[in-house]
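Note that chain A is present in both complexes that follow, paired respectively with chain B and with chain C.
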Partner chain A sequence: MALRRFVLRRLVEIAVIFFVIMTVLFILFRLAPGDPVSRMVDPSMTPEDARLLMESMGLDQPLWTQYIYYLKNVVTGNMGVSFHYGEPVIGILMDRLPNTILLFTTSIILSALLGVFLGKIAAWRRGERIDTLMTIGALFCHTLFLPWLALIMIWFFGYRVGWFPITGMISPEVWIHPDAGFMAKALDVLYHMVLPLMTLVLIHFGSYLLVMRSSMLDTLKDDYIITARAKGLDEKTIRDHHAAPNAALPVVTSVGLSLAFSINGGALTETVFTWPGIGRELVFSVSHSDYPLAQAAFLLIAIVVLVANLVVDVLYAYLDPRIRY
Partner chain B sequence: MISRCRWLSHLCLLFTVMAIMACHEESRSNALKIGLAEEPRTLNIWLASDANSRKVLSLIYQPLYIYDPDTLDLVPWLAESMPMFDEQNLTYTVRLRKAKWSDGTPFTSLDVAFTGRLIQSFKVPRYSSKWKFIKQIETPDLHTVVFHLKKPMASFLTGTLFTPMVQEKEWASVAEKAKTTEKPVAALLNHRVHHPVGTGPFTLEQWQRGAFLHLKKSSYFFGTGKTINGRILGPYVDDLVYTVFGTSDVAVLALKKGSIDMFWWPIQPGYLADLSRQADIRLFTNEKSALYFIGFNLRHAPFDDPALRRAVAYLIDKDFIVSRILQGQGTKMFSVVPAENRFWYASDLPRYGDGLSRENRLKTAYRLLSEAGYTWTVPPVDADGDIQPAKAIRLPTGQTMNRFTILTPPADYDPHRAISGLMIQEWLRDLGLPAYARPMAFSSLLQQVKGNHDFDAFILGYGRLRLDPGYVRNLFHSSNDKSRGWNMSGYHNPAFDRVADRSVTEMDPGKRQVLVKEMQKMIARDLPYIPLYKPSVVEAVRKDRFDGWVEMLEGIGNIWSMCQVKPVKHDGA
Partner chain C sequence: MTSALLEVDNLSIGYRTAGGISLAVDGVSFRVDRGGSLGLVGESGCGKTTIGMGLMGLLAPNATIVSGQVRFEGEDLMTASDARMRQIRWRRISMIFQAAMNALNPVHRVQDQIAEAIITHEPDLSGHSVAHRTRSLFDLVKIPESRLQDYPHQFSGGMRQRVIIAMALACNPSLIIADEPTTALDVIVQNQILSAIGTFQEEMNIGMIFISHDIAVVADVCTNIGVMHAGSLVEYGSRQEVLDCPGHPYTRMLVGSLLTLSDQPADLSGVACAMGDNGPATVEGCPINSICPDATAVCRRERAGWVELSTTHRVRCSQAGEGR
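Showing the complex of A and B:
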């Protein structure tokens, strides 16, 4: 009963926060200098042309009218039409969303798996040379500047060695080919994913490694590990079956939140690798004053993050009976 | 152990497949692979205002006339011959070629009339002003169109006749549906076109959003095998494949690797040394129809004084800007019309400070301002005629000149303009002028200059000027001095307005040329803008793959190239 009340209260809070985010987004974009038409600085365009363009975008209306239309659109799930593409923004975002989820979810999972695996070893061999190497390596990789690393990866693996495609998500040669089936196309996407994945994993595995190492060190001090040793279990079993699963819990929490945030993509990664995802679209829409597209992209991110937070709260309440509301 | 081996074997298999695919990528076909810097915006010709959409749609939708690549004269394209002007009735008669749409149906005068009426009835932005002075479009037969003009309008030849033609069959139903909506123009612009039907050399095969766009040779293109303007037209390639690159770095690597055959985007000077060393890459350098300038706010002091503007013109070292900032990839400008636009360009304009040393520039500017009544606490030139650091310049009224700002776009948007602003600041300070260059986000700059008129001076540029000089009137006519109007400087000259208005309605190109040159002279004398430079367009292609590129103003990316470029024959290949 208490849990149900808590969920209801959180839902109301989320609705209020969402409304505030919606309004702030609307105001922020209108406060930003310039408008979509002012960028079209072709002097052969007459003032009448500019007025017609403004009209076609609905920007000739007073601000409060635009705001009402915007609210109506959000409530009805119709987020409007992109100024730039002239298409419904929902369609555009839904086109890009799977690409972002595919790349970033995979990279988070791989980074976490690698981080947990290496963190476990680093903690188990605390103070040894391998621990020092792993810790320094993790910190080094985590602090690399992503666009630089991405360009280096492209230059080396894509250009010098030529193992992987330089950029993009698919090869036109494969997709144009009349005989290319589903398998060939799926493999083509995987092939294009390798470089961005390697880059993202290199950047992100370090943070998981450090969390895992720290958590594992705490876990190794717990009584049940001493009990396991007293029972005569071998060291590998104690490490992999007793300590590691418990130590990995903070990593799991971190992965959960990262997955929620992954839908905003990585504007830098997506730009350098020309990965057609949400991140690139977000940057593009903001820089081109494409209000409907930018607003919808931010709202989508807000919804996912709010829902993820709710899910985490409920899960905590469900999993840990000590938590009271 | 067994499980680990299985994983390893799976991994090996995956990499083998990838290696095979990598080899597959290297296999070459008769497809011209073009790299773009951004994805085309749309396939809807009425919405397409961006350069990348035009790079695709200009090969699908065709106008009645196009420009000759060498002379920039009108060349009949969908038209069969030059338009015939009847001065008495104010009509132009255009005879059409026997052409077909890409769906095999004939292109007729009805399509031309439909295109015009569609633009007029919807007031399609960007096209409406080119058609609003047409009273009636007559189609006496399927291959003749007669345009009745309400009044003489010079832009008919350089604007209206360059409008891409659309098929009545494709657009009539779209237009009807759009008219029933609350916002007909928005409905027309936002209509999603999946398979555009055009009369051009290529037709759309497939568009994978965010990845590539595939055009195929049209079997109905009217020009195939014909000699037009002395050129035997193809196309000689079966496919065009456009791919998008997020950054120029990656696109240049792709070009070097051979993943693309052409990067349809100007190459930045930083890449040129590397690319010029590549044996398989050819660079093309062409001029742009562009104008980069410093503009002044003539509405208040200090730049309401033409003597000050003239002194500034003397101080600006355009040779330095072109050779050092543009690294030689550009040309200095002295008129608001680019010199390559030969017919309209006035070559006999004053070239303030051109060829003078830094010292002589300063002395000339000092003399001009002294004669105009400006004074200094410490003048820039001492009694012996030697240069010295100037201090505290005063206006002719005796007041100390307040500091003023030169607004520029930020360096990440355009490093050339940002650095030019800083250099101009230093040259002006040599004369004791309290100049401060201030880079500003591009949207903010436009808002401040064009919307609020709250500025002293600014550096802006137009990277793609139309060849018709109608923009000279737009930029400086006093009627355009309003918020968001084109006359950002607030230039008011009744004599200029009179000549500009006459130039709009003058149908005789020779007489209009005289008027346009007169307008340029007035601008060069009054200097609301000081033209600075225009960058060159450097483009790069794989010369081991294709040749036959046609160079013209704006570079090799044009319809002539796409109709003439041929795969290179390799011996023994």
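Showing the complex of A and C:
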């Protein structure tokens, strides 16, 4: 009950934040250099045609009227037609969204799990060689430049040893095959996902490891660890059942914080690996001045980050009973 | 004659520091009878808690037992293996921690934390019996069963202390080490907790070591009192003997500092020695010779041995029993 109220309250907050983001986006696009119409208007058009076109797009209206239309359109899901594709942008982005969500949810969950697991061990064996190795390794991976690492991965795994495909998300020949079942398709996507996934996990697990390690070191000094020892529990239970759940809480926070950044890095990863997701579409739309597409992509990313943060909050409330009210 | 449950003989525990081993507990000997209770009193840093942790084998990694013998139910705890110590912990010797500290894990339900202790030591017990025992423990400490599902932060300080007591009783131990269990509670709750501890200890015939800085609290619940100063036991005897005719000047100062309504504000100046001065004695002579009103040249020269005032009452002061 308390949890439901908590989620409802967060949903209201999300609506407010989303409204603010919509408004900021509207202003930003109006402030951006270049007139959106100049892209559409052909020099060969007569002034009369140009005026009609502007009128049809509502650009002759005062700014606040445009703003009201914009709000109405966003709320009703009408985000306009892409200049480049000539299709409604919502349809284009909805096609890409699952690909992005698949890649990034998987990478975030994998890096967090790996970071928590290794950080737990590093803290437990503090000062030993395994701790030193893991800490240095985590710092090293954390500081790698993502596009560089992506290229190195492509060069080594895609080209030198040739284990994994280097572009795209599917192999058409697998999908058009008449006998292609769900498993075959899923395995094909997984196969294409290995390299971008490895890149993202390598970049991100290090910070989770370091957060988990230092948090675990603090937790191990807590009094309930002495209680657990006094109860005669074995060391593994103390580590995994008493210290780790408490120590993992800051990692959950850090997952929430890093979500926005990983979507950010998503544009780079998706571009390098030509992963057909929102990030790549965003880069494309900006470089081609496809305003409706760019605007909708930004809004969609905002929604994804907000919803993901909500999920993290709920997860936190589930993990830490003190947070629920 | 009651049988000894725990015999501690000449126990010394030190902490490794850059300058060698620094003794926190220096040659302490005492015994606890089955169903008997011993209060260890002394100021902060005098080594009380170190003794408790040493008995449980839970000393900090930089602490080491320098010498001494601990016999518990006839078994030598100093040579017991880690696995054996884990069996003894909570099953035979449990602890009551201070609730103001985070003694309960914040992310687990109290019921699970109590059940965990039972399941660890009695793995053959059915889930039903574990739940039943947990419920009856809650009954015992007078907390409604409906609170079993709650998390530690949902309890008040006094209730949390009851949960901790229930947990300590979970495996029906023969010895309980209570480390400042009422510190940071208001006097009314403190009173309830003390009487609860006293009742269980007597009714269940559990031996108890009660660690406190407050001699009034110890006097409430313990049949024997050991007064500690600077890592050593300086006086040891029954409650009446220690309170009514304290043999050591330090005990006299502690007893004299007990607040009563009719008195003038108690004078604590003699008791409180300078910070950093309460560790183990490194100088020659009696550790308290600088604050002792009766100190003589002998006190400044050498440490006193034990003087027996009666068969049950001994004191470590060279002036004791001489003309008083």
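As a convention for this text, the second predicted complex is superposed on the first by the 222 of 325 C-alpha atoms of A that agree within 3 Å, B and C clash if a C-alpha of one lies under 4 Å from a C-alpha of the other, contacts with A are read in each partner's own complex, and residues count from 1 in each chain.
To be clear about the criterion, contacts are C-beta pairs under 8 Å (C-beta built on N, C-alpha and C of every residue); 3 or more make two chains touch, one makes a residue touch a chain.
Please read these numbers as outputs of a predicted model, since none were measured by experiment.
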Partner chain in contact with A:Tyr191 - chain B first, chain C second, else both or neither: first
Which of chain B and chain C A:Gly256 touches, first, second, both or neither: neither
First, second, both or neither for A:Asn246, with chain B first and chain C second: second
Which superposed partner A:Gly232 touches (first chain B, second chain C, both, neither): second
Which superposed partner A:Asp222 touches (first chain B, second chain C, both, neither): second
Greater residue coverage of chain A in the superposed arrangement, chain B or chain C: B
First, second, both or neither for A:Leu151, with chain B first and chain C second: first
Where chain A meets both chain C and chain B, residue numbers: none
Of chain C, residues touching chain A in the complex: 56, 58, 85-91, 94-95, 97, 101-108, 116-117, 120-121, 151, 153
Complex interface listing, chain A residues touching chain C: 222-224, 226-234, 237, 242, 245-246, 319-322
Chain A to chain B touching residues, read off their complex: 32-35, 38-50, 52-53, 55-58, 81, 84-87, 95-96, 99, 151, 154-155, 158-159, 162-176, 187-188, 190-191, 194, 270-274, 276, 280, 289
Touching residues (chain side chain B, partner chain A) in the complex: 14, 17-19, 21-22, 24-25, 27, 29, 33, 41-42, 44, 47, 49, 123-126, 128-129, 159, 183, 185-186, 189-192, 205-206, 208-212, 214, 239, 241, 243-247, 249-250, 253-254, 256-257, 259, 441-444, 446-448, 450-451, 460, 462, 464-466, 468, 470-471, 474-475, 480, 482, 484-486
